[in-house]
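Read from first to last, the chains carry the letters A, B, C and D; within each, the first residue is number 1.
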Amino acid sequence: MIFTSDNWAGAHPAIAASLSVHSTGFSPAYGASELDRKVERSFNEIFGREVAVFFVGTGTAANALALSAVSRPGGVSFCHHDAHVVADECGAPEFFSQGARLAPVDGAEGKMDPIKLEAQIARYPREFVHAGQPMAITLTQATEAGTVYQPDEIRAISKIAKAHGLPLHMDGARFANALVALDMTPPEMTADLGVDFISFGATKNGCWCAEALVFLDPEMAVQVPFIRKRAAQLFSKSRFIAAQFDAYFKDDLWLDIARHSNRMAARLQQGIRASTHARLGWNSDANEVFPVISKTLAKTLMEKGAMFYEWTPPSSHPDLLGEDETLLRLVTSFATTEEDVDHFVALLG
Amino acid sequence: MIFTSDNWAGAHPAIAASLSVHSTGFSPAYGASELDRKVERSFNEIFGREVAVFFVGTGTAANALALSAVSRPGGVSFCHHDAHVVADECGAPEFFSQGARLAPVDGAEGKMDPIKLEAQIARYPREFVHAGQPMAITLTQATEAGTVYQPDEIRAISKIAKAHGLPLHMDGARFANALVALDMTPPEMTADLGVDFISFGATKNGCWCAEALVFLDPEMAVQVPFIRKRAAQLFSKSRFIAAQFDAYFKDDLWLDIARHSNRMAARLQQGIRASTHARLGWNSDANEVFPVISKTLAKTLMEKGAMFYEWTPPSSHPDLLGEDETLLRLVTSFATTEEDVDHFVALLG
Amino acid sequence: MIFTSDNWAGAHPAIAASLSVHSTGFSPAYGASELDRKVERSFNEIFGREVAVFFVGTGTAANALALSAVSRPGGVSFCHHDAHVVADECGAPEFFSQGARLAPVDGAEGKMDPIKLEAQIARYPREFVHAGQPMAITLTQATEAGTVYQPDEIRAISKIAKAHGLPLHMDGARFANALVALDMTPPEMTADLGVDFISFGATKNGCWCAEALVFLDPEMAVQVPFIRKRAAQLFSKSRFIAAQFDAYFKDDLWLDIARHSNRMAARLQQGIRASTHARLGWNSDANEVFPVISKTLAKTLMEKGAMFYEWTPPSSHPDLLGEDETLLRLVTSFATTEEDVDHFVALLG
Amino acid sequence: MIFTSDNWAGAHPAIAASLSVHSTGFSPAYGASELDRKVERSFNEIFGREVAVFFVGTGTAANALALSAVSRPGGVSFCHHDAHVVADECGAPEFFSQGARLAPVDGAEGKMDPIKLEAQIARYPREFVHAGQPMAITLTQATEAGTVYQPDEIRAISKIAKAHGLPLHMDGARFANALVALDMTPPEMTADLGVDFISFGATKNGCWCAEALVFLDPEMAVQVPFIRKRAAQLFSKSRFIAAQFDAYFKDDLWLDIARHSNRMAARLQQGIRASTHARLGWNSDANEVFPVISKTLAKTLMEKGAMFYEWTPPSSHPDLLGEDETLLRLVTSFATTEEDVDHFVALLG
């Protein structure tokens, strides 16, 4: 009953097996191997066009290099108030982009409110050097709140981005979970809605360490080889990432894993809704679930072997908790079983 | 007959197996697992004291974060003219340390000449703000020239470091190869000679992606958790690095691999010395060998399936090559076989 | 009737005269002249202890170097939501400190609310690397809202700073205006209340270009000579700044100028209070005044020769303006005359 | 007899007077005044085209922002081994450009040798990410050795710059001295020879603090307003710089001052050549002179009131000094008199 995080799971057996298979023999280093090339072609197929793909080691690296690639002096990127990029990366995006700022935007359930986004952008009038200048918008899909931006919601943000000439980044640490939640293809969830570049995460979805920075227009990426190398994110035995992606994409394993995780989350939500001792803080669409329970019950659950994090209510839900209540975050992954879920739900009572 | 680089090999079977073994089950993320702890204890044992260990993804990351950890405004680090840190890291050390400079020091066969080191340091008089200020010395062990600093040579540099109050860093991308070449223990090759912190490389010596930044005095490392996270080098499923190190250290596998690689390099050198169509540019001690042959022979070797890089003669050997000659770099690894070596030597004629 | 900003005025006649006097003869460059030494002694006297003083060219430089001097990796400084350092410096503080973040704190009338400050700091728990780490608190005295922190208000913030081990910075772009408003001495307004270092501004108060970064404990400033030079803020003909400060401090000219400016602002406030067509957005203590008037009247004022900026109501006063109203910012300086003030007030009607 | 540096002189009387004249009255801050506009037009006239001009506070700022404006990730700029930008700016250029490196190029008498420049550039092959990538060439005119690049010498470097697609920067801290030494116009010494942007220094030539960054093609400068503000180099009372430049350019004062300084230097050289106790290390063209004398004589000169710096022989003249000899640097300025020169020469004997 471990619901702490999808990164507490190890590697999916097929990913582990692929690493073993590819561990023998020689191949060119620094991303020049046949296997690297093959995976790059997979990315082209998945996104329905020739994209520029850069493997990196962490989601933080993908996000930080993404913003660094579109950085401007005095630049400001706009993200949700609770986005990973601003809340959980120890300032890496600012560090990598010479101090370019992240301006937080409020919005319910992890999604930027377009009106508040416009208001934030308006604080940086064009050519008013004192304030700085807008440089990018970044949205997280699926969000940190377990929700998923609907196509129209992305379109609304993308429209703002285009109006201000700003590139639109998608932090896809849980890209696959969002994709299967929306039942869309990658181009439908990105290019068709105006997304320009993506932090494509696979680690949380069954890999060890496989993240990619994907530019839908390779022209945007001309300097990224140097940006990545200077950032110490060019791996010598790059095929160890390629081998993971190779198995990840084979026979749509990535989508199957995401469907499983989302299903386990839905099953958790169903159980929580049915419980008289728990309620959902809000509905989620992907593989994170946020129930409200009593502090006493939380303690009991832990004593009975459930593991999870207690979570700070988001700024959009300041009055979520009653006096003796607490908010939990439950995360599912390829390694979550129905038994775990049902056991947890049974403990809720 | 692939001698291009030790990073063209994949992972040693025992390393690959360890990854498979540890791929199942849940464990705390971001370096908090039992396995992470166990490997940290291994590092303590290996270095004979309590050290501060930080796993990172690349050797460039280890070097850049090391120098960043001792950075000063207007700082200057001293390294050999051909050191990886200045020649092959796309400016990562400067980038991570707010532009702190790398001042190249000449010296034969990849080793800094202590007299030239002193002369370089003297260009930055204490409190002369215009020039900047010394901040560290970094030496590469084994060197990029396949040689190994002898204990007295490290001691001479360490003495200079202490005299100027500078921390002494060792880029140990090929730490194991140097260690077995000298037949020393890690404390003998580091702490006892005045080394303060080490980029401890395992990737080139049979791992996929396992590098560590080791501070012999944990007090030096107080800010490094933040430096690493901000640099996007804190891995969520950190046990994938721990699992590699676990196998690496088990039953001294790491030393066995290094001994094998060095032995293959020695066998190559022996063959080259014996050949009438080749000579050694200089003698090497570790797993890189630098023969001089005719351009015609180089072409023939390639046509017969040998793979290697042609190398620029180091600044210390400007007149190394005759008119139609070329310098090769041959690198051995766990995956190099006696057959490969003998076949190559036979082709030399 | 120019109330746009105190930096629209030129130099006070005594400052201009001092520059002329000191323009002849030779003297050591880069801050080593007798005059530089003399002014440094003046700072010691003013602050009642031996301080470390660094001349810089702009207030932004003073603030950015101040925070850079106490920077930590993943660091976060806390400031008021509308502080110059976060709102008007194009990201200079983040740029100079490797991306260290500025976390805005709300509070009425330009002053940080201590409870909200604590809440913001609490978002960065000690040793939780993902969030980053607190590194400083910076308050602006006088504030951007024309108000002045009372001694108890500074003490409350200072107490929080000490509790968290954070250095307390004072952005004193209008230091003199605050000082005379409170009728305190510099030690009383800084050291005695727990302030550690100060951006000491003189430009807005009658100089051309004379700003200083003052550390009450010189030990804090050991690296600042290098930080300043690396930041391109070490002036060769440094005596041109020293000459300004020399006149500035002579016979308490600086306090006289500040008293005059504050008196002009008080006179403006008096007139606004008396007017039936204007009201004060809030009361101010120093040399900035914020009246609310109708848009029609604002237009008329401009047509009749008054110059000022229309201002965005602060987040603490969201409902300040009626439908056809606008907020003005009026700033006074040494160059503001009673005639200007009275003329403006008369135009209000 | 003060020959230490041209920045030991104060301000030329006409510059000082202009500051006084412009010290009264109000005018828009941050470079928006009429006087700022007027000086910008003067720059257009001087360079014979519409240029983009940015006032900054120091020569180091001009150089660092210049390189920062053309920065690339992993970038490398090429400069003479003894250039101010690499030897005397405490790493400011690296700091401002995210660690972009300065690669020193050897050459006699302060001028880059084009063959050695090509060799340095060749160390960074296109798209070899490990080494980094060339980003600019910067030459100093007049050089730190008191010499001046002849038109053909600039053309040779410019040709290399164009061949590699690199912008060519001129550090003109002593621009005027070079100009009058060559008897050329600014366009002839810059645009016509392929120079793209210039650090235009006036401080050493009689101003207090007046430096400008000039882009011959304003398109190159689109981001510079933000780069300058973020670097804390946008002055509020900007007219204090404009007032200096206004007097500087009026009736060609700047050229007259430079001619005077150069003439004083020539007179010094003449005296040194005639002396039996001194010789010139090399011939210089501008306002710095480098005589070799005995250490005993140097001591005597100082005792008799001459002030100067003893200088390290440049790498191009390693054997310049006999056993008891020393190299002096003598710098002249607007404040140097014939009497000073003749007195000094007389003391040489």
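Operating definition for what follows: contacts are C-beta pairs under 8 Å (C-beta built on N, C-alpha and C of every residue); 3 or more make two chains touch, one makes a residue touch a chain.
Remember, predicted model here, so these are calculated numbers, not experimental data.
Ranking all chains by how far their C-alpha centres lie from the centre of chain D, first place goes to A.
Interface comparison, B-D versus C-D: the pair with the greater number of contacting C-beta pairs is C-D. Centres computed as Cα averages put chain B at a distance of 41 Å from chain D. Rounded to whole angstrom, the centroid-to-centroid distance between chain A and chain D, based on C-alpha atoms, equals 50 Å. One simple way to say how far apart two chains are is to compare their mean CA positions; for chain C and chain D this gives 34 Å.
Across the assembly, chain D contributes 30, 73-74, 89-91, 95-96, 98-99, 129-130, 132, 226, 229-230, 234 as residues in contact with two or more other chains.
Residue ranges of chain A in contact with chain B, taken from their complex: 2, 4-5, 7-13, 15-17, 19-20, 22-30, 56-61, 64-65, 89-92, 95-96, 203-204, 208-209, 226, 229-237, 239-240, 307, 335. Chain B meets chain D in the complex at residues 73-76, 87-91, 93-102, 129-132. Listing the residues of chain D that touch chain A in their complex gives 30, 72-74, 98-99, 127, 129-130, 132-133, 223, 225-230, 234.
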